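Both of the next two complexes hold chain A, though its partner changes from chain B to chain C.
Up next, the complex of A and B:
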């Protein structure tokens, strides 16, 4: 093939296939450029930066919704399309995360408009960072190449560091940012090393090729004592370290409470939901690449992957337990929510662990559902949980931000008697927190139920999943104590005389926003099927 | 009104009422109280309509409502009543109505109180009407949230501790229940289901090709039993009860004792027993023993109390022991064949347990109400500082003594029937345990008579706030009279309740004994056939006796 032919093919692929399907990301890029221009030309007075951000996110969301509908029309046959010669993957999974992240971006931008962080002066800078991080997360969820994996993770992380330290002049905030940077840089270095090892050992960096390369590799090297195998396992672990950092899994969680406490609640909410979602999308993609093409016969590869799944299950159980127990003694609400975020990452990781075990374990003799169906249930659980988590965690952080604007405090003790002064706000907080515990009739229950159900089913493939399930169940009881402590202060405690009173009307824009975020928490627990169906369709395409 | 609308309305009318309360002006407290009272009264009337449509001669579930809820996971909105749930539904709506009448003593944050109260009623009625395990679980948990706040906000001095203790205990139990739920769901064959009736058929070996293994039945039964035992409460899971009951405000204590404790017994009869006959038989002795221990322990503990309300709370532990005793007296004639000895005794035990739940619902709600009436006046509950109330408040004294005698189990009042029949049926199971449980009756008489003596009799009132002791008002008296009337009616004419539940309980016993025999018949074949065969091969449908009563339900549900 001549070079010119190659070039024209590349151009055709880029312009005809990739760029149109890359529309939502292009919208965000356009909005970023627009924001920088606004900054450069001092247009802020005429055109507030938040509007540009909203417009970009809205346009991107519109395009992704259209893409989502296309998949909805032609569900079964539509195969996944590689974009940019296989750097990215375009499939329902990608589009699901695009919709998820852009919708979340819209909610966060609107929250920042309501809560007034950032101020007008800093607006463009802040929104550039916010949009940039979202772009990185969208790439994470669609990455199909080791290079993109690293780029996407960094593209998410670097703006996040800056956003955490955005409250300039506050010591706590700068400290948080520095901790986050140092930790993040270390994790990124380890991950990059792992990626280079992996690419070198397998001779492939594209995740789809990697799966086949792994299969060939496992045929050549069957013994664990083989140094190449050890190097490979090490490489995979190093890549997972990078992801574990993004997911704030134990023992890579130390940055999380400090970063959340130092950052504004809006940023905390953004990081806790969006960055987790993107990282879980990426984790699923990496894990599926390791599993290899369906129905392969390599037992050695399956064994290694099975133990990877069990290991993820153990990390998940430890993370959930640690997060829940550490949250007990917290006095600052943002710090408490940070530990709760860690615990929830643990629950969601259980779904991925269950998926790995189901895909690689030995099939039980009396299985009534096929392997693919069981794995689909795991991802359905993960996606459903993410959707609920979107609302319940954003709701909690938004209420923290709105209360902060009234009483200038984020200490739990200062919430005393809130239920008398602002009953609407307190009830919405109740919805979010009980959903975080996982009680019916709130959405958190069904998310947890599906994850637990897939764990139980995975137990037939490897019994350790039953232990993880038991620990997960126990954690539900643990978590009740600290969530309800917050509610106890709000509903049962009474305000001290010198406390600032909160004057909050549910009829204001902020009140409507809180309702808009917290009512879906209840709806997702009652009208379960629509979202469950979407999650199932998306999950089905992966297997 | 169609059955569909009737059952759904019974459950959700209180919720609609709770939403309606939001429309009231925050100052219009009296109007809100009256509105909530009307809602609970209307719910009670609806349950009476339900009673009118129920055919007691028919075993099995009637007036079924079936709609899809989460088709992806085969979760259905499946409601219905049978002889086990109908009396408890009636009890729930009655106690809710009376509790609402007693709620005039609650003074602060009325709107929040009434909303939570009505949501609680929805949860309770939902538990008794749900026939889909997932739905059952959801309603079971829905109750927790209002209950936590009702105790935590409107309770006594140690309310926060009591409320969180209640919440944690119940949540721990329900997590165990969730695991059992998953075990059933994934064990129910290719078309996985949460349908309790279908699951019971599978558990009893009446569905060809699917069967819960012995291991699954025993494990699931233990998980479920702990979950329900916490609610009953059975010794040693009872420690939340005295705290919660004592700290809760009077109407909530009435509901806790009158309805919530019954959910444990109901859960055992509705879920744990029918689905896991093997597990039930495996644990039967342990259950009976725990029942007897609860009877004796509760009675001794009650005798040692100086707090009037705590005494009543421990009496609940004791009385609910009879429920467990009656449910579990399932004796095998031949362990190898799995045949049952004296199934009619067991059946009468279950009848007695059901009756005891209803009787205790009336008498303990009444006792808590009586304690509340005097507490509202003198603001203490120290048994040693009462006395002479009979002279000061003759009407109250008379009603209270009547209701306490009902709790004591005086013949002619409701407490007697349940206790005596469960002890009688226990004789067939184990004479020793029967004697011990009969001794509990004497202890009960001891602490109740002693309490009556210290509170109502005696020459004069010894405690503080003597000047505040005023006669009962009309509202209080009406609650007292209604409860006493029911105590007498149930005591004199127990057939009113036995008639409703008899056929269903008979069917339950037949199904479970046959289910156990099926599992024994199948068991030897498992070892005889090569182990790599699927379970479907092991099942021999001819060996299963035809079971027309409940079996007829299966096509109705499956054929939807």
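Up next, the complex of A and C:
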């Protein structure tokens, strides 16, 4: 093929196929450029930066909702399209995460307008970082090439470091961002080295090609004592280190409480939900690439992957337990929520572990549902949990931010008597925290229920999943205690005389915002079907 | 001239990686830690380029290496800005002196 032919083919592919499907990301890119121009030409007075950010996020959300509807109309036809010569993958899973992340971005931008962080001077810079990080997360969920895996992780991390340190002149904020950047850069370096070994040993960097290359590799090297196999396992573990850092899994969680305590509550809320969601999307994609092409018969590959699944299950159980135990002694509300974030990452990882075990374990003789069906249930649980987590965690962080604006404190002790001064706010906090525990009839209960059900089914493939299930169940009981402690202070404790009083009206914009975020928590527990059906359809396309 | 085998490149890259990792783990100065990160990234880059020459990875490896070089620069810029902000508040860039967040 001549060079000119190749070039024209590439241009046709990019302009006709890739760019139209890349619309939501292009909107965000446009908004970022717009924000930088606003900064450059001092348009801030005419056009507030938050408005540009909202417009970009809104346009992106509109396009991705349209894309989502198209998938609903044309079932299973052209389920997945590789974009940009296979760098990205466009399928319902991608579009689900785009809608999720852009909707979340809208909510966060509106929250920052309400709570007044950042100030007018820094607005454009802050929103550029926020939009850039979201763009990275959207790429994470659609990455189909090892280069994109690394670029997307870095694109999310680098703006996040800066956002954590955004409160200028605060000792805690600069300390938090320094710790975050040191851990983050280290984890990224290890991950990149792992990626280089993985790509080199398999001779492929595209995740789809990698799945096939892995199968060939497993046929050529069957013994674990083979150095190539050991190097490959090491490479996979190194890649998982980078992902575990993004997901704040034990033992790579150290940055999480420090970063959240030092950062503004709005940034904490953003990182805890959006960056977790993007990283889980990426983890699922990497895991599916490791499983290899569908319906292969290689037992050695399946055995290694089964151990990987069990290992993920163990990490998930340890993470959930650690997060819940460490949250007990916390006095700062943001720090408590950070440990609760760690614990929830553990619960969600259980779904991924169950998926790996189901896909690679030996099928039980009396299986009621097929292997693909069981794996679908795991992904459905993960997605449903993410949707519930969106609202309950954002609600909790938003309430912390709004209370901070009134009493200038984030200590749990200062929340005493909140229920009498601002009953609406306290009740919304109660909704969010009960849902985080997983009590019925809140959304968190159903999310946990689906994940635990998929763990139970995975137990038939490998019994260790039942142990993970038991630990997960016990953790739910542990976690009740520290969430209740916060509520006890808010509802039963009485404020000291010199405490600042909170004057908060639920009829204000902020009050309506809190209602808008916390009511879905209840709705998702009562009206399960709409969201769970969407999650099921998205999961169906993966297997 | 004897041909250089792939193993030699991988060995050098591994030495760079280990030096970087040790540097990250032992240095208390934030700039020192960042230098360790750069060593690790360059070790990985050497891997990519060597694999691109000797295995089926081909041009992908070289392209990845180019992207990583740019990315390392971007990351260093942000990291140095954060180190400066830390210095402004603490008058030191010793990472151990950031000890107000704990628990």
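Note that the second predicted complex is superposed on the first by the 543 of 543 C-alpha atoms of A that agree within 3 Å, B and C clash if a C-alpha of one lies under 4 Å from a C-alpha of the other, contacts with A are read in each partner's own complex, and residues count from 1 in each chain.
Assume a contact is a pair of C-beta atoms (placed from the backbone, for glycine too) under 8 Å apart; a residue touches a chain by one contact, two chains touch by 3 or more.
Remember, predicted model here, so these are calculated numbers, not experimental data.
In the superposition on chain A, A:365 contacts chain B only, with no contact to chain C. In the superposition on chain A, A:474 contacts chain B only, with no contact to chain C. Contacts of A:484 after superposition on the shared chain: chain B is touched, whereas chain C is not. In the superposition on chain A, no contact is made by A:36 with either chain B or chain C. Of the two partners chain B and chain C, more chain A residues are in touch with C. Touch criterion met: A:262 reaches chain C, while chain B stays clear of it. When the two structures are aligned on the shared chain, A:329 is found in touch with chain C, with no touch to chain B. In the superposition on chain A, A:179 contacts chain C only, with no contact to chain B. The intersection of chain A residues touching chain B with those touching chain C, taken from the two complexes, is empty. Listed in rising order, the residues of chain B touching chain A in the complex are 69-73, 75, 112, 137-138, 141-142, 144-145, 148-149, 152-153, 159-160, 164, 167-168, 171-172, 175-176, 178-179, 182-183, 185-186, 189-190, 192, 532, 534-535. Remark: chain A residues 146-147, 150-151, 154, 158, 161-162, 165, 168-172, 174-179, 181-182, 185-186, 188-190, 192-193, 195-197, 199-200, 203-206, 257-258, 261-262, 329-332, 335 touch chain C in the complex.
Per the touch definition, chain A reaches chain B in the complex via residues 365-366, 368-369, 423, 434, 439-441, 445-446, 449-450, 452-453, 456-457, 460, 469-470, 473-474, 476-477, 480-481, 484, 488, 491-492, 528-529, 532-533, 536. Across the interface of their complex, chain A is touched by residues 13, 17, 20-21, 24, 30, 33-34, 36-37, 40-41, 43-45, 47-48, 50-51, 55-57, 60-61, 63-64, 67-68, 71, 74-75, 78-79, 81-83, 85-86, 88-90, 95, 98, 100-103 of chain C.
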